[in-house]
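Structures are listed in the sections that come next.
Each of the next two complexes has chain A plus one more chain, namely chain B in the first and chain C in the second.
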Partner chain A sequence: MKKFIRSLKEIVQYPAAMIGSIVIVFLIILSVVTVIVLPRQEAIRLWRGGDDTWQTSPKNAKPIWLNWFRREDLPKTIVVSTEDENVQRKVEIVDEEKSLKDIKYELTFDYPYQKFPQEISIFFDNKFENKSPYISATWITPDGREIKLTDFTADENHVYRFGLDSKLSRRVGGLDPHIGVFAKPDTDPPVALPGEYTLQITGLVFEENADVDAELVVYGQVHGLGGTDHRRRGIIIALLWGTPIALSFGLLAALGTTITTMIIAAFGVWYGGWVDELIQRITEIRLILPVLPILIMVGTFYSRSIWTMLGVLILLNIFGSSIKTYRAVFLQEKEAGYIEAAQAYGASNIRIIFRYLIPRIIPLMIPSLVVLIPSFVFLEASLAVLGLGDPTLPTWGKVMFDAQDNGALIEGNYYWILEPAFLLMFTGFAFAMVGFSLDRIFNPKLRGM
Partner chain B sequence: MADDVIEALEKKENQEPSESEWKETGNGPILSIGNLRVWFELKKWGFAHAGYVRAVDDVSFDLEAGGALAIVGESGSGKTSLMKTILGLYEPHEGKIVFEDRDISRFNKKELDWYRSKVGFIQQDPYGALPPFMTVKTILEEPMKINDVKDPKEREERVLKVMEEVRLSPPQEYLEKFPHMLSGGQQQRVVIGRAMIMEPDLIVADEPVSMLDASVRVEILKLLESLQKSHNLAVIYITHDLSTVRYFSDRIFVMYAGELVEKAEVEQILHNALHPYTKALLKGTSEPDARNADIIKEIPPGEPPSLVNPPSGCRFHPRCPKKIDGLCEIKVPPEFEPAESGHLTACWLYDNDVDKT
Partner chain C sequence: MEATQIEKRVERPEVEERKSDSDFMRIAKYMGVRLVLLAITIVIGVYLAVLIANMGGYVDEIRKGVIKEQVGMQIRGNPAYEDLTAEERQKLMAEMVAQEIRRLGLDEPFIIRSFGFLEQALTLNLGRAEYMTSDTGSKQVRLILLERLPATLVMWGASNLLVFILSLLIALGLSRKYGTFFDKMIIALTPTSSAPAWFYGLFLILIFAVVLEIAPFGGLVAAPPPENKLRYALSVLRHLALPAGAILVSSVPLTAYNWRTFFLIYSSEDYVDMAKAKGLSSSKIERRYILRPTLPTIVTSFALLVITLWTGAIILETVFNWPGIGKAYNQAIGLYDTPVIVGNTVIYAYLLAITVFLLDFIYALVDPRVQVGSGTGNQL
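Coming up: the complex of A and B.
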């Protein structure tokens, strides 16, 4: 054991291993923080996301850090609500007997961008019993122009989308409404006018307790640290939650297969005869079985749960080609003098396998185990890309699947595919660096090469 | 509750014959081997019988408590198979191994464990004999763990005691070391310590010094000799090197092609070898003498025979310079006692009724 720890300390001498370890530690910390800050149920709820969960996020918006690399910032999402503290609510009584009241708001916000937002919506939250309120809205630009948006009798949860209002489009000179309301007059192509904009909302209510509330959302072209997808969800959630899932899946699969494979190989070699024969034949049959089609069949007909996949994957890999490698080493070791001595002083078969055969092979096993982890991470992502990801969990592979499904690359949403791909490569790179260095530490014969 | 304990204790007493009981059975042989045959089956296509490798054929001898004997022979003569069968690693094909008046082939698991703890094993290659991933302390503790010495304190005491006995002192300096950190001689002392830790009555040493530097050999042999004297150990010393035999063996058995061809006291063999094979073997032993450089030794022509299909009659006859035609190749020689008493040889030359011309 001490020798083992001493070997591990040697890792400091390999810069590659140090970089790899730092990355792995970073990924582990990220996983732990994610799981603590964003509990699993919460993440699943957000990822499943009904319409209102993400209604203030734009669709397919790029990540905000993209602005760091641009000369002109892309607009971020601006949300102003009548419930904000600095918004004044004015009530003018029109007719006391009939309980007629005007409720007026002025929603003011600063728009510093030259570019146009993606879309604009107003979400109303009205309270009334029988008679719906009558609402009118006016848009005031920084240069003082007043653009009448609309007036209508509103339902309880009315959503007014600028883009769907063709009359407004005509009023702003035939431009798309969300461009027209921000455009400088007489520019072609249109340029946005930065400055302070105001949205005036007047709600005429007909009942004593009736009320009008509204929320203006100016959807930006960048949103969140990870951008958003076609369902307005923040990709960052899948990127963050994908980390613990990927790491634990990779680690469990690698540990599960390596340890069982090693034990089976040891049993086969120690008992020999038909046990060994049987293990050899099963391995050979398993080696010609195609893993991916089997996983696809399991996913299609049985369950796509990540635990089912993990189990099937471990089962399929137990009799993998590494049995042959381990067997070769064990066969050599079986003839060692200390095994004979152990038999002579009465060590049982099980004791010989676990105390004498297996410890010798552990140095050989650890590097391959470390290198094996990312390959299972990749496999999990591949399954998700093929549409066989766990339906509930947000993972890196799922993000790539959605991206591919929605033509991310064709539409220029590179971030959508590159972010999870980068994390996958980052993980693979880190484990590979550590694994190869460990190989050199534990198998000194490789050092000269 | 108390009843359970008593019952358990009684059970234990009934199951495990106390040592003194065995010792009391008298001064008879500690190990008695009768007509032992160790044959390995050869198979065709994985199942069909295709004959046997007759590694040990019809070997009989007794070993007294505290006695030491050496088994000498070429590589492939069956020494190792004989040793492994005595250690219980191989199953005999026929014949009996009786240890302290009990037939080991009838042992159940528990008795077999007891037997294994009573027989120590010293191997040829000390580095290979020690698990490279265990410390000296773990190595020495393993036999005790296996044989139910459960108290860690007792284990440690015994480890320290045995290390003193094999002169690995001070023990603390070696306890936490791994085998590769020790010299060959120290490694072999650990191997001897491991064989001694269960306080055996019999030690089987398989060429214990052949892999060591000449300078260390004598020390190790002297150590074995002193352990044998102080613990009243019976020792079976297996070697192909006659020059190391005289250190502590009383008797020498010469083995050829699975059979014992000559059994005698050390001095008798060295000065009055009877069997032609023994004579040839003695000639082959070098003394460090410059004159030997120019002497071309007469060694028997040919090689040891195949054990699958050994020669008929006396197995040495194809190589024997004194072969008696019409007899040696037909009849297996019995043991004769032509010279001193206790000096036995299986050779027709010493049959008084045979015409030697």
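Coming up: the complex of A and C.
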């Protein structure tokens, strides 16, 4: 054991292993923090959430940190609500007998960008019993121009989307409405006018207790630390939650397959004869079985749960090709003197296998275990990219699947693919670098090479 | 994924006494044993596929679909039934289908039926696809898959050959210049093999198709396909560049590194020192005393790699929109087209077994142990 720890200390001499270890430690810390800060249920709720959860974030917006590398900032999302503290609510009584009232708001916000937002929407939250309120909205630019947006009779949860209003488009000179209301007059191509904008909302209500509330959302071109996807979801959630999932899946799969394989190899060698022969033949057959297609069939016909996949994967890999490597080592160890001594004092077969044979090859097992981890991490991603990812959990592979499915590369949404890809690559390389270095430490035969 | 592990054990040829059989007979015997083993593997793989698919009752559906189709054809083709009304015809058809189901034993317990399914799956007699069609408009699963097979074979044949040649050349070069900067660089690059080819495919598309615009995004040939045969081949080559490149990036560094280690181990043998002492030229030593005894090990390691690569084909073809069976697989998953999924699994089982058989043959040719008749060898 001391020798084992001494060998482990040698790892400091390998720069690649050190870099790899640092990345792995970072990923582990990130996983722990993620699980604490964003509990699983909450993450799943957010990831599966529909329009309600994500209505104030833009579609396919780039991550916010892109602005650090750009000369001109891309606009962020601006949300102003009539329920904000500094927004004043004015009530003007029009006709007391009929309880006609005008409810007026002025939503003011600062727009410091030269670029245009992605789209603009106003979400209304109106209260009334029978007669719905009549709403009109006006847009006031920093240079004092007043643009009449619209007037309409509103339902309870009315949504006014600037982009769908063709009349407004005509009023702002044929431009797309979300560009037209921000454009400097007489610029071609249009440039946004930075400054303080105001949205005036007037709601004419017909009942005593009726009320009007609204929320203006100016959707930016950048949003959140990870950007957003086609369903307005923040990708950062999947990037963060993908870390603990990838690590635990990789580690569990690698541990499960390595340990079962090792035990089977030990049994085969110890009992020898037809047991050994059978194990060898099964290994040969297993090696040529189409593993991924079988996994795909399980995923398509039964369950896409990540834990089912893990179980099937371990089952399929019990007779993995590493049995051959372990067998060769066990064959040597079997002849060792201490085994004979153990037999002489009457140790049982099981005792010899688990207490004397298996511990001897742990140093050999550890490097191959570490090297195996990334292959399982990537396998999980591969299944997700085929559309067989876990239906509830947000994972890196599922982000890549969505991106691929929605033509992220062709439409220029590179962040969508690159973010999960880099995380996958860091994880894979880190484990591979540590594993290869461990291999050289524990297998001195290779060290000279 | 096992191929990414470093092969620690290097097999050394043990010279045994020559028996009197001819070389040909020994190789034939060896290949016979391998053939039986591979056949068993295919049967087991396909049976597993049948078991998995049928637990949801899907295979029963496929078989009943085939029966209905056949009965329908019989009724339509038989002039005796022409005068029947639609209702009578329906009734007759239901009766005949029920009879046929009894005749084929579909009402028997599953364990007996499963062997019937096994036979159908092994002969790829899987009837009609539920949603997919072949380019010629047929819905036969067999046609859909066989039509796409050539594209897959072109891609995998070309890239595997490239991987083999490049790895061998680099490994030889490295073993000569062991310890130099180039050697260290390849060692530093080995972690790239932890990621599968499709993963690098995404990066290659981004760099060469999106940013530099010098390579196509994917597909087999330019649209519309060139009529001139030479142009057609060139266009296929152009489309092949990125997927093949992705496979090279993910496979070559680790493979070259492993093979270089084999070469180094063999070049420290006494007989190599002896050859040097005799004054043989270094190229002769390399060919006869290093490359020759290492070849069986290399073929074994390459076989493991090829098996891994086959599995990766499904996603790589999807990423590059390559119209092979891998992409058909992905489409079938998306459409939930059970017959195509089962058929595809069967085809993969065959392809893997055939590949291994071919490599076994090469192994038998290069491994002296097979020729001296020491039995089944240790390959795979």
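Just so it is clear, the second predicted complex is superposed on the first by the 449 of 449 C-alpha atoms of A that agree within 3 Å, B and C clash if a C-alpha of one lies under 4 Å from a C-alpha of the other, contacts with A are read in each partner's own complex, and residues count from 1 in each chain.
The rule we apply is simple: a contact is a pair of C-beta atoms (placed from the backbone, for glycine too) under 8 Å apart; a residue touches a chain by one contact, two chains touch by 3 or more.
Small disclaimer: the values here were computed from a predicted structure and weren't measured.
Look at chain A after the overlay: chain B and chain C fit there side by side. Using the contact criterion defined above for the overlaid structures, shared-chain residue A:Pro359 touches chain B, although it does not reach chain C. Shared-chain residue A:Tyr160: touches no atom of chain B or chain C. By the document's definition of touching, of the two partners only chain C reaches A:Thr325; chain B does not. The superposition-derived angle at chain A (between chain B and chain C) is 60°, Cα centres, a multiple of 10. In the superposition on chain A, contact is made by A:Ala347 with chain B only, not with chain C. In the superposed pair of complexes, A:Trp416 makes contact with neither chain B nor chain C.
Looking at the shared chain after the overlay, A:Pro374 reaches chain C, while chain B stays out of its contact range.
After superposition on the shared chain, chain A has more residues touched by C, the comparison being chain B against chain C. Within the superposed three-chain model, A:Tyr338 lies in touch with chain B and out of touch with chain C [touch as defined at top]. After superposing the two complexes on their shared chain, the closest approach between C-alpha atoms of chain B and chain C is 12 Å. When the two complexes are laid over each other on chain A, chain A has no residue in contact with both chain B and chain C. Touching chain C in their complex are the following residues of chain A: 16, 281, 284-285, 287-294, 296-302, 320-322, 324-325, 328, 364, 368, 371-372, 374-376, 378-379, 381-382, 385-388, 400, 404, 409-410, 412, 414, 417-418, 421, 424-425, 428-429, 431-433, 436, 439, 443, 445-446, 449. Taken in their complex, chain A has these residues touching chain B: 2-3, 336-338, 340-348, 351, 355-356, 359-360. Taken in their complex, chain C has these residues touching chain A: 1-2, 4-9, 37-38, 40-41, 44-45, 48-49, 52-53, 55-56, 58, 178, 188, 190-196, 198-199, 202-203, 205-206, 209-210, 217, 260-261, 264-265, 304, 307, 310-312, 314-315, 318-319, 329-330, 333-334, 336, 338, 341-342, 344-345, 348-349, 352-353, 356, 380.
On the side of chain B, the complex with chain A involves touching residues 87-89, 112-113, 116-117, 119, 121, 123-125, 128-133, 142-143, 146-147, 176, 178, 191, 194, 198.
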